[in-house]
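Here come two complexes built around chain A, the first alongside chain B, the second alongside chain C.
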Partner chain A sequence: MNRLTPRISHNNIVILATLLLLIVLYGAGSVQYTGFFSLQVFLNLFIDNAYLIIVATGMAFVIISGGIDLSVASLVALVSMVSGDLFAHGANAGTVVAASLALGIAFGAGQGYLIYRFQLHPWIVTLAGMFLARGISFLISSESIVITNETYVKLSQHKIHVWGQNFVSVSVLIALAVVIAVLLVAKFTFFGRAVYAMGGNEKSAALMGLPIARTTVLVYTLSGFCSALGGIVFTLYTLSGYSLHLMGMEMEAIAACVIGGILLTGGFGYLIGPMLGVLCTGIIQTIIMFQGTLSSWWTKIAIGLLLFLFMALQRVIVMRKEKSRNPVSSMNSPNSENKIVNL
Partner chain B sequence: METGYILKARGITKSFPGVKALADVDFSLRKGEIHALMGENGAGKSTLIKALTGVFPKDAGQIWLNGAEISPRTPLEAQQIGISTVYQEVNLCDNLTVAENIFSGRYPRKFGLIDWDKVYRRSEEMLAALELRIDVRQPLSHYSVAVQQMVAIARAVDISNGILILDEPTSSLDANEVKQLFNVMRKLKDKGMGIVFVTHFLDQVYEVTDRITVLRNGSLIGEYATKDLPKTELVSRMIGREWTESQESKTAADTVDDVFLQASGLGKKGSVERIDLTVNKGEVLGLAGLLGSGRTETAKLLFGIDKADSGVLTIGGEEFALMNPKKAITKGIGFTPEDRKVAGIVGELTIRENIALALQAQRGLFSFISVRKQKEIAQKYIEMLQIKTPGTEQKVENLSGGNQQKVILARWLATRPKLLILDEPTRGIDVGSKSEIRRLIRELAADGMSIVFISAELEEMVQCCDRIIVLRDRMKIGEVRGADMEENNIMRLIAEGANGYGESNGLGA
Partner chain C sequence: MANLTASVRNIGRNPIIWPLLALALLMIFNLIAIPGFFSIEFHDGRLFGSVVDILKNASPLAIIALGMTLVIALEGIDISVGSVLAIAGAMGIFMLDGYPTWIAILAALGIGVLCGLWNGMLISILGIQPMVATLILLTIGRGIAQLITGGRIIDTTSASYTFLGKGYFLGLPIQAFLILIVFALLYVLKTRTAFGLFVESVGGSKTASRYAGIRPRSIMMISYAIVGACASVAGIIVSANLGSADANNAGLWIELDAILAVVIGGTSMRGGRFYLGGTVIGALFIQSLTTTIYSLGVPAESILLVKAIVVILVCLIQSEAFRKLFVPVGKKAIIE
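Up next is the complex of A and B:
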């Protein structure tokens, strides 16, 4: 797996910082609270956040391409509503899954097409998408719909034992599969590399002959697909459809990306990062839960502070890169690697 | 169709709103030759290349590649049929690795996935063939512009179908790097590749090319064998008039030593070592040296973009330990950096707006300058600097490089600076504009403005300056003036350092 290790050093720094943070938080929790240091507590992080891992990973791809996708949370809610409604009308689980994924793909592709075709800013297009998806969910129903479909209920309660009594849910496997698949796509496919190239310099990418149009549409399609999959996983998790599900979750996804070392300006980032970011915020949540007396809003405060920290860290790295790149001052310094070797 | 031609273009025509950029131009490239495409800014060189490479469609004309008619509609299509271009600005993604930049979009695959081993191995081989041995797994941003350009060339050569277009590849390289590039070009030529070489450097044309095609005002002037076309002939064909170097001769050096700016021990760690210099009123002071010798760095210290960590600046009798651009501007100093695109030219804005920007900054954001007044000022400088444009409301991005440079100049002139620092104002612009800018510098100096002038071309520095400070390895190694101010002297200083040079430069290292 050596090939999967990133070579862009700044990725390493942020990923390492995130890992370190994870360990420190987990260690702190374990020392402070009895029962914290158990495998099941750790596995619960994945179980409770499987949907967010999937959505954030899709979001990361969009951010690396130089864009943003604000519609993800609304899309998850919409998928939960559509699922609830379809089940209420007697659809079977297979149909619902297919319909959910088709909805996500179509929604994402539509946004990508608009962004490319009319050269619109992704913020605007996906903001519109966010309102649209949320609005449609209300159109279906403003009440919450309980899902009683046998397959969904069974899937949602199914425990996959990992070690003794410890278990994960089906959703966790889906989330991990998504992360691995996306890692492979990023590293080993033309599409994956084109996304990085585009995020680095879109004009150059076009001149290098990369299919900008197709890549743009595909990257939003991928994000739409991830949102839909996240929607299915979330629906399994709550067994309900509700228009007000996950208000503002798109920002949590973006936060997870930032904490996971995805540079908001595009072109940089390692796709395991969003998962680590989600785990970080998950651990904070768990700690506050264990603490017992703090209100859950402290999670937000902690995440807010973390974000500042990570943004500052990224900025420092970028500034240092820019400094070291100044061609005139670096070209002739004796120990620079910049010289053409055999001059 | 004759054999031996790789590329043939006939009757290429292209109009833009209001301008005929190319009118019925023919061009042909033979196998195994380096073919210079020459012309002033706005002559149509870029347009021709863009038409050939599908950046925009041509209005009329035909192109054949290896005997087959082609008509690429996008750069991608052009690349797919084997025409690839290396532009002046490196058009690669510097967040990706060197190897990725070479193979982006056409990675070798194994089982449908990218075969990274092969990517790295092949990139190493390809760069080694260009005598470049670097770690291909490093991000491109890790390397200098020269290396990036080589990487771009490696990519282009690998894609190409016997033809390589180099659009001003040398403008940001130093002498050694240019030599290296020429070696590579000759090597490729020996392998039978046809190379189109666009440059503004006449010497380079005579050093490396076999044939020259000259364009002027969008029309073909002619195609010549390089050895049959003397330099003076080439210049006169490019600018369409007889070339007289004397038009920019200096007024006799009656330098009254009226000091405007004095720097003593000015330096910054890792940038420039303690430099002493004075700039007199109405004088053109040159900073000569190779790229990286500290000439740009010195200018940046004077203007306060870089913060000096030693030394004192005295301007008009007032001492400054630490300079910053805002202070410098209020003291009447202007600075145009070497890279136009970074220099704060706002391409989206019109000439008028660009010129007004600096005025506005000087007068304060809340003082109102009417559009009519702005137009008057812009018109004045368009005439004074002979900026080629339909009017004051032209967007700057639509102007040629030389004219953009003049707009930057105009912008500073509008603020009536006492000292203007010009870092490579003539880089990447054509011979005619170069000589105009030099003439202008002399005129400004004659009016009492002090000027610090930096150029990579010694010849033009000697023509233009009253006094030249020579830098080497980030140190001032000498100062020449009067009769000593001669190319050979300066080159010897740069080559040998102060020791090989004696009496007249009392200020040596």
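Up next is the complex of A and C:
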């Protein structure tokens, strides 16, 4: 039993490191720049990154299941494009939202089906998905479409006051709802546990009788759904549809997952992590904005270095886990093994 | 009859036949649909025509894909090649300002190899997943390229440098020879040294190779360094062709095309055997597809759509589960 204490800290250490980093970065920014330490600056992090939080959370599920989804950014652009086009043809907001979500679900399910049914590499299938989604949005139009729909405009300008004059947008509430819902799904449903088991070891999961086919398709469907929802939120944020929106955002989503402690080999990670990862990169962007003289490419360099640090940290944890997994200890601590699987 | 089916199946099993078939089909389509596609003109000792253009424009992709074949054979991947291309191009043009051409080229190659070694170090020594390890350089790389260029698009007028991108030799664009040189070097490395065998062995099973006395770590380091070098050759070609280095846009998305070329060429993402010839054909196929779409007058935007459909089709054809759909179980039993 005395092994249990360090074991639990193994499981927590990345997420704690992320949290610590968040506080340090925010603290450093507050000390350095006047006006940085205000509630609105903090809330803006959520407002500006709501779509990324949603997309990264969906991506985290796929990564935990042992796969990858590269199509997310293109899907967001496609949703913004389809929304713009539908509005231009006089559709109402409800139809557009429903169509967007249906598109995301169908797209994700299709990718999941190809990956499972024909045993294709998720990398290649979602790469094709990425080309496909961008291609379709190019076909719709290569120009940017401005959205003037009343409901969307109203929604995007709606301010929900949190404290005094400080506010958040509707998108932030959607993002938080997604994070909470996904946390609950991962912890309390059969599907959630099956995803963790599958990511840990697909063969063992299959031998245990878990429905690998259904879970794979569902995981990619969930990611597609999250991308579509992220697309709606992003459309609300920019009020435009453009086929070149968010080029390369899939890598930002993956980076957020890594910084948030989702193990890229699958099977492990807290689903609150991606949100913390997104906030970390958001704070770096804000600091560079406040600094004023540094060019924007420093953001990329800083995020890359963070990625490296967190990957090295992940690696150390995996190595220590492998070391402690000698036959005696694994027999003695089945509970802690379960803990890894169940969060 | 049985002999005939067997020999047909043997040809079908040779992985290079599929990309070759695809390329041939595309060419036949071009022959019929686009008049003058194969016409080649001769001016001032140089050849001009669509086919020559394909050779010329495919060169960065083909060279990078050749390097990528090695790491994919090792069950790895390198998604940072586009960024390394940008870094090498920036380095080359930057060094031309004050140094002779050969030093600029060496510097560009050197920084590419350095990037490759960094990736190799992360993957083989720290044991990080290849895709993730190279993600770091993909993110940082363009930032580094921008540091080198100072955030501007820098250019050069050095004739000896731009020869590598615009020059002609024996009537053909210099790029065609560069593809040939890189291919020949890697082919000799594969067939005339033990290195090729080691790569296939490590790609097949790392553990088994280690027991057989091969050091997977050094094989991986060398392979990633080779990809880095290939990416910098591509970077030199691109920057020499334009006469300038654009840190933001040079080689954007080339990693995806390169992976596609390798997969079309018959090398499996699951590692093991690799086919350098197949990769070159795959790269030529992708470039021909692009050229075809342009010459057909189809809007350039639909190129992504066509690529997506081709990727899915090629992958499906390579998938065992998909082929079984079309070979009824009973019939197969009779053949065997």
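Points to keep in mind about this one:
Heads up, the rule we're going with is that the second predicted complex is superposed on the first by the 316 of 343 C-alpha atoms of A that agree within 3 Å, B and C clash if a C-alpha of one lies under 4 Å from a C-alpha of the other, contacts with A are read in each partner's own complex, and residues count from 1 in each chain.
By our rule, a contact is a pair of C-beta atoms (placed from the backbone, for glycine too) under 8 Å apart; a residue touches a chain by one contact, two chains touch by 3 or more.
In this text, all values refer to a predicted model and were calculated from it rather than measured experimentally.
Applying the stated contact rule after C-alpha superposition, one finds that A:Tyr196 touches chain B and leaves chain C untouched. In the overlay built on the shared chain, the residue A:Phe268 is in contact with chain B alone; chain C does not reach it. When both complexes are overlaid on chain A, the residue A:Leu207 reaches chain B alone and has no touch with chain C. Touch criterion met: A:Gly304 reaches chain C, while chain B stays clear of it. Shared-chain residue A:Leu114: touches chain C; no touch with chain B. No residue of chain A is contacted both by chain B in one complex and by chain C in the other. Within the complex, the chain A residues that touch chain C are 68, 114, 117-121, 123-125, 127-132, 134-136, 138-139, 142, 243, 251, 254-255, 258, 264-265, 295, 297-298, 300-301, 303-305, 307-308, 311-312, 314-315, 318-319. Listing the residues of chain A that touch chain B in their complex gives 3, 7-8, 184, 187-190, 193-194, 196-197, 199-201, 203-211, 267-268, 321, 325, 327-333, 336-343. Contact residues on chain C toward chain A in their complex (touch as defined above): 77, 122, 126-129, 131-133, 135-140, 142-144, 146-147, 151, 256, 259-260, 263, 269-270, 299, 301-309, 311-312, 315-316, 319-322. Chain B makes touch with chain A in their complex at residues 75-76, 79-80, 87, 91-97, 100-101, 104-107, 113-114, 116, 131-134, 137-139, 141-147, 150, 155, 172, 174, 176-177, 180, 270-271, 290-293, 296-297, 473.
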